[in-house]
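Heads up, the next two complexes both have chain A, just with different partners, chain B and then chain C.
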Partner chain A sequence: MDGIFDIYLVEALVNGLLFGGVLALLSLGLNLIFGVVDVIWICYAELVMFGMYTMYWLNGVYEIHILLSALAAIGVVAILGLLVHVLVIAPILGSPPINQLLATGGLLFFFQSVATLMWGIEFKNLGLRLPILEYNEMYFSYARLLAFGVALTGMVALYLFLTRTYIGAAIRAISQDREIMVLMGVDSRKVYWVTALVGGGLAGLASCLLVLQYDVHPFVGITFGPITFIICVLGGLGNMLGGFIGAFILSLIISVGGLYAELEWGYVMAFVFFIVMMFIRPQGLLGNK
Partner chain B sequence: MKKFLPYAIGLVMISVPFIGTPQYPLHLMIVILIWSMVYTSWSLMGRFGLVSLGHGAFMTVGAYVTALLWNYGGISPWIGIPASLLTAAALAFIVAYPCFQFRIIGHYFALVTLALSEVVRLIIMATRDYTGGSLGFTPNREGDGTSLYALQFADKETFYLVVLGGWALSLLIWKLVDRSMMRYALDAISEDEESSAAAGIYVTRTKLKITVLSAMMTALGGAFYCQYQMFVAPDVVGGIGISLQIIFAVVVGGIYTWMGPTIGAIITIMMTEIFRNIITDLRTEGIDLAGLDTTVYGLMLVLFIIFLPKGVLGELLDRLAGGRAKKQAPATQPADSG
Partner chain C sequence: MSFAKTLKGLGLGFATAAALTLAAQAQAKEIKVGVIYDYTGPLAAGGSSLQALGAKIMIDYFNSKGGVEGYKINAIYSDAQSKPEIAINEAVRLIEQEKVDMLLGFYSSAQCVPVSAKVDALKKFMWITTCISPAVLKDRHLEYVFRPQPHGGMFGTASPDFVAHYAKSKLGTDPKDLRVAIIHEDGPYGSGVAAGNEAGSKTHGFKIVLKEGYAATAPDLSSLVTKLKRARPDVIFHTGYNPDITLFLRQSRELGLRWKALIGHGAGYGVPDKLYATFGDDANYIYNVDPVSIWLVDPKTLAAGLGEVTQMVGAEYKKAHPDVKAFSAHVGMAASNTYTFFDNVLPRAIKNHGGFTPDALRQAAAATDIPVGGTLMGYGVKFQPKDASMSGQNERAAPVVVQYIDGKVKIVWPVPLQTVDPVMPLPKTSPYFK
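Coming up: the complex of A and B.
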């Protein structure tokens, strides 16, 4: 009896860890944008939804090679991200932060309903099922394994971009002090644009991995949007490593919590954990100040 | 003239159900009044920079606690509603007290309350054996549908008066807060918490008071909503969608003004309703434009925040006061006026 129970627990732990990879990737882009532009994109998960639709149409309907479709999806979402910044965020950069948050909230409704208008509310998927790994009577999703690997790679790539390139250095500098860097001759507009592009691109990358595991529909963003925000806050807004750790902690809670009861209880526990953590460490796990 | 205008409007509003108003406009007015009440309750704290994304949670609590007590305990809403208000107050206290104590403000406060609204929605989903989950929940009808004991009225006329009372109550509370010392304290807090504390304001206690008050009024709105529609679902009264919708309507109407939330409710609900009729008409002709309403809605909200952050009423009042206001230095935040 005990033995069987443990297998389930290990399976839940490993699957939780793998699920954390996707969440970490999702939080990476949002954190980057927050760290640099100081705006929370409430509509971030909806950008991911557009990426998933791009994958669905290119790969699922027109049968273009999956890697090409993935590249296209990343491109589409990156450009969308840039548009969000240029058209919505840039005009209100000077207004209270809460207005910026609300403007992206308006975009959330807009994106959801544009998707409904264009593609209807039916659930769609690639019709592609990756095999499931079996090890010692435990089952692991191959798609999650892939997502985990890509998330780690994405994290390393982003780290290299931020530390080894000139524009990366400018991004880090501007996130430390928005006013001074402009005086030092950094073109903050350009830095914001690159950030929005990269942030959007990361959302696109996440969408390619999510579409392998989930059906896409106009409201799919709601299922992982809120959890992404709280991961970023849990890790310390703008702190990418913190977000990464936060993603794994929450995914483990969801996975193990869902093992004992219905899946929603896992999420409830994750959100409650977040609220409690906010009281213990308001600045986030790795946040300073 | 100006003195009697509010009384005249009040009299007209009370007389609406007695002059044979058709059912459909009456229904719209009831819905608008319920939401106006919720929006006004949100703006109680929202106007002081306490932006909560968790009011969907309070509305859900108001609706579900009342309905669950009625269905499973046979407890009349006359006791159920106060119980739901207390539950909402307790919930607000549990989340807000540590928030304020640890100076969680701005973005962080918005996101903590967002988590709260998800927690409540997910709990409703997880306990679907009792609450019906996302399929929603219907309170049991008492007798032929009209019962004061069950606070159920088959005719819209009676319910109109009930929600009119609720709406008037929320406006009254807004005014009372506006005229109290608390308002000055909250204004100061929204500018600078630490200086306010240094000036002798109990920051945590003051913020907590307004939050609990706002949560309870929102819960009352939720309870009315459920009693009127005789149906609730987690996405109809709660979750991130409703929490955002509340803020948007207030922003559209005017966040710093007395009637702003009500104007916001009228604008947003009428718009949704008109679009729904257009979409239904088009569908009979074979054109499916589901989603058009919220597309325009979302776009409009973004435009509002960019170009009209004070809202329709706020902007209007500013324009009316234009001559005087221009001479003085522009205030960062318009003083209230009704």
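Coming up: the complex of A and C.
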């Protein structure tokens, strides 16, 4: 085996961090929605799939500029997020959590089937070949670097939105105490709508970056859905900073573990870490008891 | 009631009974076949839907000719949804509720392994057109399961044989100094082929610098790519579905992995149109091990009439996929194996064994003896006997190695079937050039 501090380790660390950026971006929206609405959207990764298809059709097929396509994808998924809330979540807000889980789980299969019927089962992609970034014999993914930068920016923007705007303050207040805030005159319905819009928009943002690295197909959510959910639980469901940190911890374990053992052992190590953490801190890394 | 009226009533009764009997006979003149492939889920686009198309083209072809020995083929198409548990449920549903006479199809080895055991335990007949894992048949002594396809071990040894043949002349390396890596999805399909790769590599004395499996749904393969960079293989043997192979190729390019030859083994690598659509010219010079594409077989080497059948399959394929540029071997593979059953096995079962009960089909399949040139893919068919370790496996099947060159599929191995001299090592124009 090469030395412990070889360039391959550095490359694995950096790639782990960059992969963490992708996962962090995915977990942001899901955490926001859970933190405010208190419902887990099992179908969150399927919203990302719709965003990826929007990018594919606008940029890949109709050759609309990639930035305009990205804006459209964010808008489409944001509206889809709002529709999910209004049509499916809002009517069952008072139901037991298991019913809510089943509803969003059912929505997952509905979305997969709709995508299959509308666009078929073929794998589609933008056909982009991004530049190769090389530094000192180490190589880094351009798309992931972009995703990492956008994830950081997204986190800061979300933080500013939640702390510097009136509606952001209302969202935080609702997430802290749903009953009291309604008594104090906050229109919880409007706050939920904004949350669903922003959560959907974040899924749209993630889709714009994922479509640069992955093919889109109706079942692409299977690849990201479970790990996104695990990250949110690890960080503390509803805690955005916790999810953000959890994403980087898991991705680094996967990346470095996969370098020194078999790739699958990297995932085993990450999930063992998750299970151990659930025993030590069942509320998650930064979650409240 | 008058006598005349009674007679009239009796006559009507007899006529009705006769009509009903005739209708029942007409209805009975069919063989009910359960066809299982993945029409949805990730495996569908990875090749399963193309396999399903090949089987359907052939079933429609026989029905258009009036069926087999007067029996119409009533095919019930079923979607395994890329999930083994669904495949098992569908197989049982087709057998127990739809009362099918037999099952045909199966793309995924992960489905084939449990389904074959279940179907055999139910003493029903199963004709496998596609899945290749040795684990489906090895040491299981299944009585009702037959596979005209080459198995994964054959796939796995074909590529090292090919590389060993050209190591000195093309790569300038003695086989004993050649560094090879074996990577594979970790299901029965990938593991079976990888075991063949390893055995073949050991036979030729290659240095195996890395052998590793991964989950086909893994969202990130960058650690594997980095490890491959560290291991510096000259040749990579890869077995995967889709989207894992596109993720691997994309991340290999981004992370600077280089090789002299990359050899895929079916599934995702068997759809050249998709590879070119995704990677453009970067897909050039990739090798793939698969049963030969029926469109690459010289019709003159086949039994009379098979060339026309191949043309018909191509025309129907084109109708279903007007934009297709390079015919995928997947369609021809299922078409050929389905053709073999309906053209050879089923007629003998009906004529020599009294019908198409599972036992009649089993006996007819076991007695199959088709010489080389007797199938659309060119190879013959003879199944290993019940006491053999691979009972039910076609011992006359063999895969070929093809190379994708400028969007076209060329046979490079074995030498007698070669349509082009292999481009090896990878030329400088490729981003993967080493």
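Heads up, the rule we're going with is that the second predicted complex is superposed on the first by the 279 of 289 C-alpha atoms of A that agree within 3 Å, B and C clash if a C-alpha of one lies under 4 Å from a C-alpha of the other, contacts with A are read in each partner's own complex, and residues count from 1 in each chain.
By definition in this document, contacts are C-beta pairs under 8 Å (C-beta built on N, C-alpha and C of every residue); 3 or more make two chains touch, one makes a residue touch a chain.
In this text, all values refer to a predicted model and were calculated from it rather than measured experimentally.
In the superposed model on chain A, is it clash or fit for chain B and chain C?
Aligned on chain A, chain B and chain C clash with each other.
Look at A:278 in the shared chain and tell me whether it touches chain B only, chain C only, both, or neither; answer first, second, both or neither.
first
Check whether A:183 is in contact with chain B, with chain C, with both or with neither, and answer first, second, both or neither.
Touch status of A:183: no partner.
Pick one for A:222: touches chain B only (first), chain C only (second), both, or neither.
Touch status of A:222: both partners.
Using the touch definition from the top, say if A:106 reaches chain B (first), chain C (second), both or neither.
So A:106 only meets chain B here.
In the overlaid three-chain picture, which partner chain does A:259 touch, first (chain B) or second (chain C), both, or neither?
A:259 contacts chain C only, not chain B.
Taking the superposition as given, does A:267 touch the first partner, chain B, the second, chain C, both, or neither?
Both partners.
Is A:116 in contact with chain B, with chain C, with both, or with neither (first, second, both, neither)?
So A:116 meets both chain B and chain C here.
Name the residues of chain A shared by its contacts with chain B and its contacts with chain C.
Comparing the two interfaces on chain A, one with chain B and one with chain C, the shared residues are 116, 121, 218, 222, 262, 264, 267.
Using the touch definition up top, name the residues of chain C that touch chain A in the complex.
That would be residues 39-42, 44-45, 49, 82, 186, 212-215, 217-224, 226-227, 229-230, 242-243, 246-247, 250-251, 253-256, 274, 277-280, 282, 431 of chain C.
What residues of chain A sit close enough to touch chain C in their complex?
Of all residues in chain A, those touching chain C are 2, 6, 8, 11-12, 15, 19, 116, 121-123, 125, 127, 129-130, 132-134, 139-143, 213-215, 217-220, 222-224, 227, 251, 254-259, 262-264, 266-267.
Write out the stretch or stretches of chain A touching chain B in their complex.
Where chain A meets chain B, its residues are 40, 42, 88, 91-92, 95-99, 101-103, 105-117, 120-121, 218, 222, 225-226, 229-230, 233, 237, 261-262, 264-265, 267-268, 271-272, 274-275, 278-279, 282.
Which positions of chain B touch chain A when the two form their complex?
Spelled out, the residues of chain B in touch with chain A are 49, 51, 95, 98-99, 101-104, 106-108, 110-112, 114-116, 118-119, 122-123, 125-126, 239-241, 244, 247-248, 251, 288-295, 297-302, 304-306, 309.
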